[in-house]
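Please find the structures below.
Two complexes follow with chain A in common, the first pairing it with chain B and the second with chain C.
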Partner chain A sequence: MIHIEGHEGGKGDSGLRPRVDNGRCCWCALCVEVCPTGSLSLTKEYNFVSDDPNDFLWIPGVDNPEGKDKLSFTSGTDTSLNDFKRIPMPEMEGMERVKSFAEVVLGYNEEMAREEASRCISCGLCTEVCPEHMHIPEYINAIATGNDADALRIIYDNNPLPEMCGKVCTRRCEDVCAIATRGDSVAIRWLKRYATETAATSDLVYDIVNPEIRPANGKTVGIIGAGPSGLTAAYYLALRGYDVNIYEANAKAGGMTMYGIPKYRFPLDSLDKQIEYIEKIGVKINYNTKVGKDISFDKIYKENDAVFMGVGFPKAWTLGIDGEDAQGSMQAVNYLHMINAGEEVEIGDKVAVIGGGNVAIDAARVSARMGADVTILYRRRVEDMPADWEEIEGAEDEGINIVPQAIPIKVHKDKNGKVESVEYLMAEMVADDKGGRPKPVAIEGSNKILKVTAVMGAIGQQGDYSFLEDYSEKIKEERGRFVVNDMQQTTDPKVFAGGDAVNRTADAISAIADGFRAVKGIEEFLLGVK
Partner chain B sequence: MREKATTLYLGPQHPGITGNMMVRLKVEGDTIVKATTEVGYLHRAFEKLQEKRNWLQSFTLMCRFCVPETDPMEESYARAVEAIEGREVPERAKYIRVMVLELARLASFMLWYGGQNGSLGLYTMGQWSVGDRNYILDLFEELTGGRIYHMYIWPGGVRRDLPKGFEQKVLKTMDYLEKRLDNFDDLMFNNAIFKKRTQGVGIVDKETAIEHGVVGAVLRGCGIKSDIRIDDPYEVYDKLDFEVPTAEGGDIWARALVRRQEARQSIRIVRQVIADMPGGPVYNKIPNPQKWTVPKGDAYVRTESVRGEIGLYVASDGGNKPRRVHLRGAAYVHGITLLEDVLKGANIADVSAIMNSLGTCPPEIER
Partner chain C sequence: MEKIKSNLIEAIKGTYPDAREQDHEGNRLDFYVKKQCVPSILNYIKGEGYIHLSHIAFVDWIEEGEFELIYIVWSPKDKIKIFIRARVDRENPLMPNIESIWRQANTYQREAREMYGIQFEGFEAPNEFVLEDWNEIPPMRRDFDTQAYAEETFFHRPGREDAMDVREAIIERSREEIPDFAKKYSR
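Our next item is the complex of A and B:
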């Protein structure tokens, strides 16, 4: 495989192309049979004579673009040796799910996992796009060959929250899977989930992973926020002999994965198991300790050799429309937080959720489980929704009504100040001149009114950095996010940051990647280890 | 007067299209006193290479064991792997396999016609038969993309179904070749030179044959009826109607008579399989080759090649590569120990003819 001038590749394309030594090729055409994308074919023109041996080296499609007209042996999905069909994931039936918060996805059994893992061709495109560059082909191979313990060890190499990722990761790996060009991508996320589920308790995880914990090196690191990035940094720092203290405002660790993700997607015991394991290797988590209130940032800064901030985006954006202050109008992320914390929330029996991301879908599906009749209003088309397609399908299966191209303009209140209805305009999609995605433009006079008992906005969140107090000058931020270098180091060399408060992708796996990078940064900063 | 003994080196290149191999001859006058085979020119370590290749990559090496007869090798590997795995082969694939195997026999007979006569200096036969062989190779090219190495019969079936109208082309070629075989008779079996040079030459008697474990046309040329296709039938041979010819005498002439008849039997078999061929799939798909593991176990399969029975042993330790592949080809016995025996007392001028007649195939001997 060699790099082609002027072909940089991209998502799911390494930019490399095979160079064939035509003189050594024996025309077995197994390349055609195994090529997942069907890009390779044999030509009829196999009589080739030249006095220059280099003439026999050529790159199909580049050196002879006209070769397309002379194809003989080609690949078809019926003859290809790839398995294009994914092993379906057993799930609870749609209308059964809304009756409880029981986990919807039931998980692969051993036979299913082995079979699904056998579809992988180890091309490694997945590793390339994974923010954390997890060793995906390696652990899938371990599962395929029946070495589940090896798979788990490989996974824990660079991800201390794999069960969470196995259940709710945004899995960009699957978008680029080579098999997906002509079939279903390998179920990478479900396979990781399978591997982590083979160790049922944190003790078992400890036994299998058998982590090597280095002797204490006398350095302390303070970590703010027990979300995915903070936990990752804490885990790998603790393994390297650092004394790690996490300060967490809430009663439980996990950050958004604890308070943002509904329990039918990511059950509590599954999270607890992972947190227990992380605590087992020596990470100390101080719960109910809000920095800026229960402890000052200054104290953490001064008492530790380095600080890592994984503070996330706790504050929701408001819709900015009339009537949003009504009783029964709330932010979806706050709603999810309260439900996950076990609080009671009055939403009535008719809920409108505004937005098209995973938070919107989560809030809608939780509301449905609370017995409400739910409608999602989204300004663009369904196919434009940033939410996971499986989540959208899940919502539809559960009887949630999605109204696309709907732009809310007003929340109407009754005389007691309670939400009565939400008014919205229908929109038409107008192509973007600059080649961006089409924009929704409201159609005048298309006003519609939806009677509701609660409205939830889910159009995004932002950071809250008031805890920094005097340090906010030294630790710079830009457009709501901390400025960091490629080691996650902020403008204050002693302070590192990661997670939603730093990266724009704002998903758990990116946060984990940030935490992992910060470990290297902190090592280098404190010990000079490169 | 006893002549002084001297040593002659025959080969590694020599007439008869058998492949590179040397025979060291101790001669007195033009009579051979002792013959010692010197092999080693064609050792490519295929069996060892297969231990480093996955199950599917190994399949592409099989056909290279013996250049004139590639398909029985593929067939053996496929059947051995299927036996270990318990993999079913669709009925249509079995018929296609037999058709390919018999076409391969015919192509190999055509090469033998040329080689046997060429070794005696009768070159016209080779020009005819090797020319006609090309009609079979054309069929192979259309079916598999390859003329010599087909890489077509693989575990689970065959790689692709027959192209449209292929059966008719095969039948047409069979009609043509059948007529040509009569022409060959005139040039070869009714030829006084051929008779004189082959009758009573290179004799293998029954006892020697059994002692050496001789197989195929060499064994049948001693009057012993033995053919794996009948004795231990595979694919659909048990459903087909054909004969196993034998001849008496054990000399080159007898073996030539056997092969002459066998070529006609192959045409008969090809016509039958085309007439009886059922529809349906041709391939029971193997899993993703990179993750394909064959359960722990081993298998020994026997296949009839033109040179006789070949045995292939394949062992798996449950991994994604063969633990061991081992071929016991007909040529291994015929071309070394038997040849050394038969050459004792022979005339120098007959060495190539005897080598060819015994089915010596150095690439298969050395693997």
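Our next item is the complex of A and C:
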């Protein structure tokens, strides 16, 4: 493999290309059989004479010698040495799932995991698109060779919440898997899940990972928010000898992964195990301590050598339509929060969820588990939904009705102010002249009424930075997100930030990556370590 | 074809109770036999119309301390190929000589001797087959390090020593830091 001038590659492309020395080729065709994409073939045209050895060197795709139309041995998915079929993940049956909050995905057993792991060809394309650059080929190889403990240690090298990622990560790694060019991508997420589940308790995690904790260095860091970014920063700072305090507004840590993700996707005991482990290495979490109310930002700022904010996007956007104040009209993210906190929420037996992201699907599937008949209204087409395809399929399996190209215009109330129905217009998709994705345009007079007992809006969230008070001048934000440099440092050098309040990808693994980068930033800021 | 196969299984197992058969889809039938039975079984099936010795293949089962020899025999009448498979101790790899059954076995046995170090009883043939002045362990044995040998013995042609590794290229580009203990799993 060589680098070609002017071809730098990018996400999903190593930038390297094979170069063949035809003069030394013995026609074994192993290159054809191992190539995951099927890009190489043998030709029948092998008569070639030259005095110059360099004439025999050529790069498929760049040099075009004769014989491309006379192929002999070509690669097929049945003869290739790559294995293109994924080991299916055992799951609970669709209509069985809606009866409870039991975890839907059952997990690989050892045999399945070893077999699935052996499909990996260790190219590492996945690590580049992972925001956190997890060492994926390494831990998969460790699993394939039966070294689960090493796999877990490799995973914890830069991710302190791997079991969560193993269950709910947005896994952009699998999109670029070389095997996926012609088959199913390696089940990277499920293999991580397998490795983390081999350690059933936080004590076992501690024993296996056996973290090296450096002696205290006398520096303190205050962290606001115990979500993925805050926990990650806290974990690696504590390992490096910092005194770390997290201030968390809620009764439990985990942020959106605790209060946003339903328990059938990410069970509570699994989260608890990971939080316990993080606390075990010395991270202190102050629960029920809302910054700006129970403790001031000023106090945290003055008492610590550095501050990290992983405050997320707690406030839902409202739909901005008439009747939204009706009783029974709520924000999906708030609904999920209440359900996950164990509160009772009155939703009746017919629910409409508005939106097409993971929050919308989660709220719909939770409502179905509460016994409601659920309809999702989404303004674009099903294939435009930003939610995971597996989540969309899961919702369909569970009997949830998805109405695409539906734009809600009004919530109707009964005389007691309760939600009675939601009125929406059907939309047609119109191509965007500027080349963007097609836009939904409402069709005049296509009004439809859906009788419901509850309406949930799930069209996105935003930040709430009122806790900063006087500091909001110094710590700049732009379009709702904090401005940071490549070390996650805000415009106040002492303050670092990460997670949804900073990045645009709005997923846990990006938050973890922010937290991890901030650790290096804080280290550089406080100790001058590069 | 199934009828022919089952007759063959019955006949061979009647004479060699230790033989274990493994049927394959289509026109292939395998027998796992003891090495000392190889000549007489081959002789028997040759008499049944399996007159063509297509190949002798060799496998180095290094973990189990054995070599396997696979005699592939074809019947133009039955249109069936039989694989006779036998194992021999890797430390003392001495096999019966089948040259008297098929003359062309001479070539395969020379290859086995040179590439794997498998010896055959009373086998007479020139020592060198395709290798010249070979002083290493037989090169097709799995404990022979082909790459190390090539690096030591040959020169790289200038301009061709740039074989780059995909994993390493990506590590460098995304500035991934792999802990030392994990590096052994990178390949």
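Here is the rule we go by: the second predicted complex is superposed on the first by the 516 of 530 C-alpha atoms of A that agree within 3 Å, B and C clash if a C-alpha of one lies under 4 Å from a C-alpha of the other, contacts with A are read in each partner's own complex, and residues count from 1 in each chain.
Definition applied: contacts are C-beta pairs under 8 Å (C-beta built on N, C-alpha and C of every residue); 3 or more make two chains touch, one makes a residue touch a chain.
Keep in mind the model is a prediction, meaning the values are calculated, not measured.
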{"item": "Combined model on chain A: chain C and chain B, fit or clash", "value": "clash"}
{"item": "Comparing the two partners chain B and chain C, which touches a greater set of residues in chain A", "value": "C"}
{"item": "Partner chain in contact with A:Asn141 - chain B first, chain C second, else both or neither", "value": "both"}
{"item": "Contacts of A:Leu81 with chain B and chain C, given as first, second, both or neither", "value": "first"}
{"item": "First (chain B), second (chain C), both or neither touched by A:Ile285", "value": "neither"}
{"item": "Partner chain in contact with A:Ser122 - chain B first, chain C second, else both or neither", "value": "both"}
{"item": "Chain B versus chain C as contact partner of A:Val34, first or second or both or neither", "value": "first"}
{"item": "First, second, both or neither for A:Phe73, with chain B first and chain C second", "value": "first"}
{"item": "Overlapping segment of chain B (options 2-10, 74-82 or 200-208) - the one that collides with chain C in the superposed model", "value": "74-82"}
{"item": "Doubly contacted chain A residues - partners chain C and chain B", "value": "122, 141, 145"}
{"item": "Chain C-facing residues of chain A, complex", "value": "1-3, 9, 14-16, 21, 53-54, 57, 122-125, 127-128, 133, 135, 137-139, 141-142, 145, 147, 150, 153-154, 157-158"}
{"item": "Footprint of chain B on chain A - complex, ascending", "value": "26-30, 33-34, 42, 72-73, 79, 81-83, 117-122, 141, 144-145"}
{"item": "Of chain C, residues touching chain A in the complex", "value": "157, 159-160, 162-167, 169-171, 173-179, 181-183, 185-187"}
{"item": "Of chain B, residues touching chain A in the complex", "value": "56-57, 60, 145-146, 149, 151, 159-160, 285-291, 293"}
